[in-house]
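Both complexes shown next keep chain A, but they swap its partner, so chain B is in the first and chain C is in the second.
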Partner chain A sequence: MKAWGVLAAALGAVAASGAVADDVFTGANVLGVTRVESAAEYLPLAVAWGAVGASAAAPAADAFVITANLEDGDELYVYDRAAGRYHVFTLVRDAAGDTWAAARVVHVGTGGAEVATGSAAAEVSLARGYGAWLHRSGAAARADKAVYLAGQAESEPVSITFAAATGRAKFGQTLFGPPAGAAGDFALNGGAINWSGAVKGDEIRLPQTDGTLQTVEYTGTKWVRKYWERSANGVLRLKRDENPVIPRGQAAWYARKAGNEALTVTWSEK
Partner chain B sequence: MAVAEASTLLTVSSTGPDCYADGSPVVDGEYYALVSIDSGANFAGFAADGTVVDPATSRLLFALPLAEGGCCPKTRVAVDPALIASGARLALMVWDTRRAVRGAPVVRVDGWGEVADSSACVGFASVRSASRATAAVRSAVPADVPVPRITGIRRDGNEFVVTVEGTSSVLDYNVRAGAQIGQLNRADAAREPVTGDAARAIELRIPAADGETAQFFKVVRHGGTE
Partner chain C sequence: MNWVRIRCAFSALVLVLMAVLMAGAARGDVLYWMIDGDASESFQYAYAQTLQKAKDTVQGANADSVVARAYAVDKSTGTRETYDFVGVAAADDAGTSFDGAPVPVELPSTAASGNWIFGVEMGFMDGDGTFTATYCAWDAKGLTYAQLDAMGAIQSNATASYDGPINAAEAPWSAPTPVPEPTGGLLVVLGGAVLLLRRNGHA
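What follows is the complex of A and B.
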C-alpha cells in the first residue's frame, strides 16, 4: 500500500473531521475515495474505481482498499471468475509497512479438493462492477471505523455479467458492486444500469451487518423490496420499497433465477 | 478445482495440541479431514481407506496433510454449495495415519477424532476449536466392513424385529429410531446390541414406542455415534 501513503494521510484528516463522505483528489488523473460505513465483520465491497495511473485498468488487490485503518490479520477475499477460485490475502503490518500476503486456500468442488498456494496481491486484478469481501476480525475496530476505497475515477461504461444457475441450484449468484464513484447510495431503479434481460424472480440480495440478507425482487419492470413492518398496534403489514438502494461502496449478490441464461448488463454513469 | 462464487467460505483451525489415542501430539504432516454431516445424523466414522462409513449422511470434503506443530493451522476453504446439504454441520477431524507409508498414494487411517465443528451457512463460517482440549482419536472401522442392510421387519408382541444382513463379526450393531425419517433421535433403540455375523442375518429387537403412529429405524454400529 505504499502508493497510498499520501492519500491515506489525507484521509486521516477527512475521517477526523467527518466533514464529507467522498473527496476527490486531483492530479495527473482524477482519483476518488469512497468512505464505506459499516460495522459488518464480513463486508462486501464494490470495485468502483480503476487502477491509479492507468486508464480503464482494473485495480490490483493490493491497491483496492486503503489499509491505514484496517488491522493486522484482516483479510480480503477476491473471486477469480475465469478460474473459479478464490484468492485470500491477509494484511501483514510490520515496520516495512502494510502488505497483503497471499494465503493458502483449499478449494472443494464436485471433482474433489485442491490446494492453491495463491498469487501475489499485486498480480490479482479486481474487475470494476464486481465485488470483493473484506473480513475485519476486530469487533472494537469495526464499531467506529469506516473503510476507504480509492482509485482512479472512470466514467467509461462497464459490462457486468451475472452467472446463470448451474446444477440443481435455484439461482446463479454473482457478487457485484455498482461502479459508480459518485456520492450517495446506488439506486437500483435509477437508470444507471439498463436491466433489460432481467426476469421476474431475479433477486438482489444485500448482505447485512448481522450476516442476514435483505432481498430485493425484480418484478419484470423494476426492483422492489417487500418487507413486513409492525404498526403501533402490533399489526404486521407488508410494505413495499420501490426505490431500493445498494449502500455506497458496497456490493450485493445478484441471484439469477434458474432456467435463464447468464445476464450481461451495462452500467453507464448517470 | 473450480468452485462457485457463492461458495461457503470458511476458516478451519485447531488450537491444539491434538493428540493420538496414546496421548502423543500429532506429527507434522498428519491429515485433517473436513466432513459435512447431514442435519440430525450422527457421524459413523471413517473406514481405514479414509472414506466415510455412511456416505448417505456424511460427505468427505477434503483430507489433507495440514498438521503443523500439533494442530491444524488456520486454513481458508471454499466449498461448492452443492456439496453441503441444507442444515448440515461441518466437522474437522484429525486422523491417525502414522502407520501409513508417507507419500504413498493410499492413506491408511487407524484412528480419528473430531476437533471442531460448525453449522454450515451460506457465506462465511468458521470451524475452529474453541479451547486447547485434546482430541481423542478413536479406532476407525476396517476398510472392508460392509454397510449393513435391513432385509425385513416384523412385529413380535410389543417389539419390532429387524432382520439385518451385511454385518461384520468385529462390530456390534444397534438401531437408531425416530418418528420422522430425518429425526432418528432415539439412540440405542434396540433392546440390546447384537454382534454382527458375516455369514448370516442378525435380528435386532426394538421395543415399540408408546403413542407413535410411525417409526423409522436405521441400523448403526453400536456405541451411539455411528
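What follows is the complex of A and C.
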C-alpha cells in the first residue's frame, strides 16, 4: 500500500472511532497532520513529518503535502542540496489520481534558468527540518484553502546544518522548517533549539505573502524581529518583536553571516 | 485615411494596455536597503545637519522628523520613482549609530535595462507631511542595477533570498542634487525636436 494509503486509512480509522482528545494511540506508526494557513503564491513549507512506515526515513517529495485541495498544475520546488539546484514537479490530476510529474531542474540564483529534465518526485527525498516550496498559481483557490502536511511522527530529534557563507560578502542560505511536535507556531527563543554557534548578524528571513522577506536578527543572545509599521503620516517606523516565531508548518531562510562556518543545531522537540 | 490612423492608435493603445497588465501581473525584482549600525562620518554630518535644519524650520521638530527614502531614476527619460518614507532612528544621542531593518523596494520592471540608477535621500518632514530633501547617498550618480546585483542586495524571484541589504549608513552622503540630467535616448529625442523647431523657424 502506498504511503498515502496507509496515512489515509489511519486517519480514517481515527475519525471513525470517534476518538476524543484523551485517547492515546500506540503502535508502530504515529501519524500527524499540520494545517498551514497561507494565501501565498509561493509558500515555503517545512518538512515537518517523516516518511510513513519507516522510522527516521526521509519522506519522498510526492508524500509530504496532501494534494487533495491543490490544483492541477501546482508546482513543488525541492532543493537538491548536493547539486545546488531545485527539482521542480508539476501536479497532474487525472483519472488515476494525483501525480507529481517531473517538470524541470533549475539552478539557484540564475533567474530560474532551466538546465535539465527532473527526476520523478518519488525518487527525490526531502529531509526533516528543511523546507520545500509549493507554488499555487490559482489566486482564488489560495484564498480559501489551507495546505496540509502529513506524515509519521518521529522519535528522534532532528539535526540541521545551516550552510556557511560562500564568499566575503555572501551569506550562507538554507531553507529550513521546524519539525512537527509542538503545537502552534515555532518560537525561536523558546528553548527548543540551542543556538550556541549562531553569531550576531545571522538572520532568519521569513517569506511573506507578497514575496518579500521579513528579517529576524540574532543579537548574540536571542532572536529579535525588527519590522516596519506605518505611522499616521505614512512614515515607516521601526518596531521590535522580542518573541519572533516561524508560522506553523512554514519554512524560512537561515542567512549565515559572511565569514562564518556552517552551523549545525539540533531541535530538541521531535 | 483617418480610420487607418485611428486603428493604428487603437492598436498602440492595446499594446500599451497589454504591457501595463503584464507588468502588473509579474513580480519585479526586490531591492533591500537599510540604515543600520555605525554611521560613516559623512552620514553623521548629513544627519546632524538635517536634524538641525528641521528644528530651525519646523516648529516642534525632533528626531522623528528626519526621514529617508529610496528613489530610482531612469536616466534616459528622467522618470523618477520614489518609495516609502522611513524613519531614521538614531541608536545614540550623538547620531553615530543607527537602528534599522531591511526595507524591501519593488524595482521597476525595466530596472535591469541599465538606464536606471538607485539612491537614498534624507530630509525632514513638516507637520503637513511635506518632505524637504537635504542630502543623498552615493550622490547623483547613484548605484546601477548591476552594482546592486553584484552586492547581493536584490531578490530576483519569490523562491530566492538575497545576500544582504545595501546600508546607506555606511555610504558617502552629499548635499542635495537635482535629478540627473537625461542622457542617451532622451537627448537624441530632445536634440531632434530642437532641430525640427529651428528648421521650421527658418522655413
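FYI, the second predicted complex is superposed on the first by the 217 of 270 C-alpha atoms of A that agree within 3 Å, B and C clash if a C-alpha of one lies under 4 Å from a C-alpha of the other, contacts with A are read in each partner's own complex, and residues count from 1 in each chain.
The definition used in the following text is that contacts are C-beta pairs under 8 Å (C-beta built on N, C-alpha and C of every residue); 3 or more make two chains touch, one makes a residue touch a chain.
Everything numeric here is computed off the predicted structure, so don't read it as measured data.
> Is A:A103 in contact with chain B, with chain C, with both, or with neither (first, second, both, neither)?
first
> Go through the superposed model and pick first if A:P207 touches only chain B, second if only chain C, both, or neither.
both
> Touch test for A:Y77: chain B only (first), chain C only (second), both, or neither?
A:Y77: touches chain B and chain C.
> Once the shared chain is lined up, is A:W253 touching chain B (first), chain C (second), both, or neither of them?
Both chain B and chain C are touched by A:W253.
> Looking at the overlay, what does A:T215 touch: chain B (first), chain C (second), both, or neither?
second
> Identify the partner contact of A:Y86: answer first if only chain B is touched, second if only chain C is, both if each is, neither if none is.
both
> Share the list of chain A residues that count as touching for chain B in one structure and for chain C in the other.
In the superposed arrangement, which is not itself an observed complex, chain A uses residues 42, 77, 86, 108-109, 111-112, 133, 135, 169, 173, 207, 211, 253 for both chain B and chain C.
> Per the contact definition, I'd like the list of chain A residues that touch chain C in the complex.
41-42, 44, 77, 86, 108-109, 111-112, 133, 135, 169-171, 173, 205, 207, 211-213, 215, 217, 226-228, 230-231, 233-238, 253, 255, 258
> List the residues on chain B that touch chain A in their complex, please.
Residue positions touching the partner: 1-7, 9, 34, 61-64, 75-83, 121, 123-124.
> How about chain C: which of its residues touch chain A in the complex?
It is residues 27, 30, 32, 67, 84-87, 89, 99-104, 125, 129, 151-152, 155-164 of chain C that touch chain A.
> Under the touch definition given earlier, write down the residues of chain A that touch chain B in their complex.
42, 75, 77, 79, 81, 83-86, 88, 103-115, 133, 135, 163, 166-169, 173-175, 207, 211, 253
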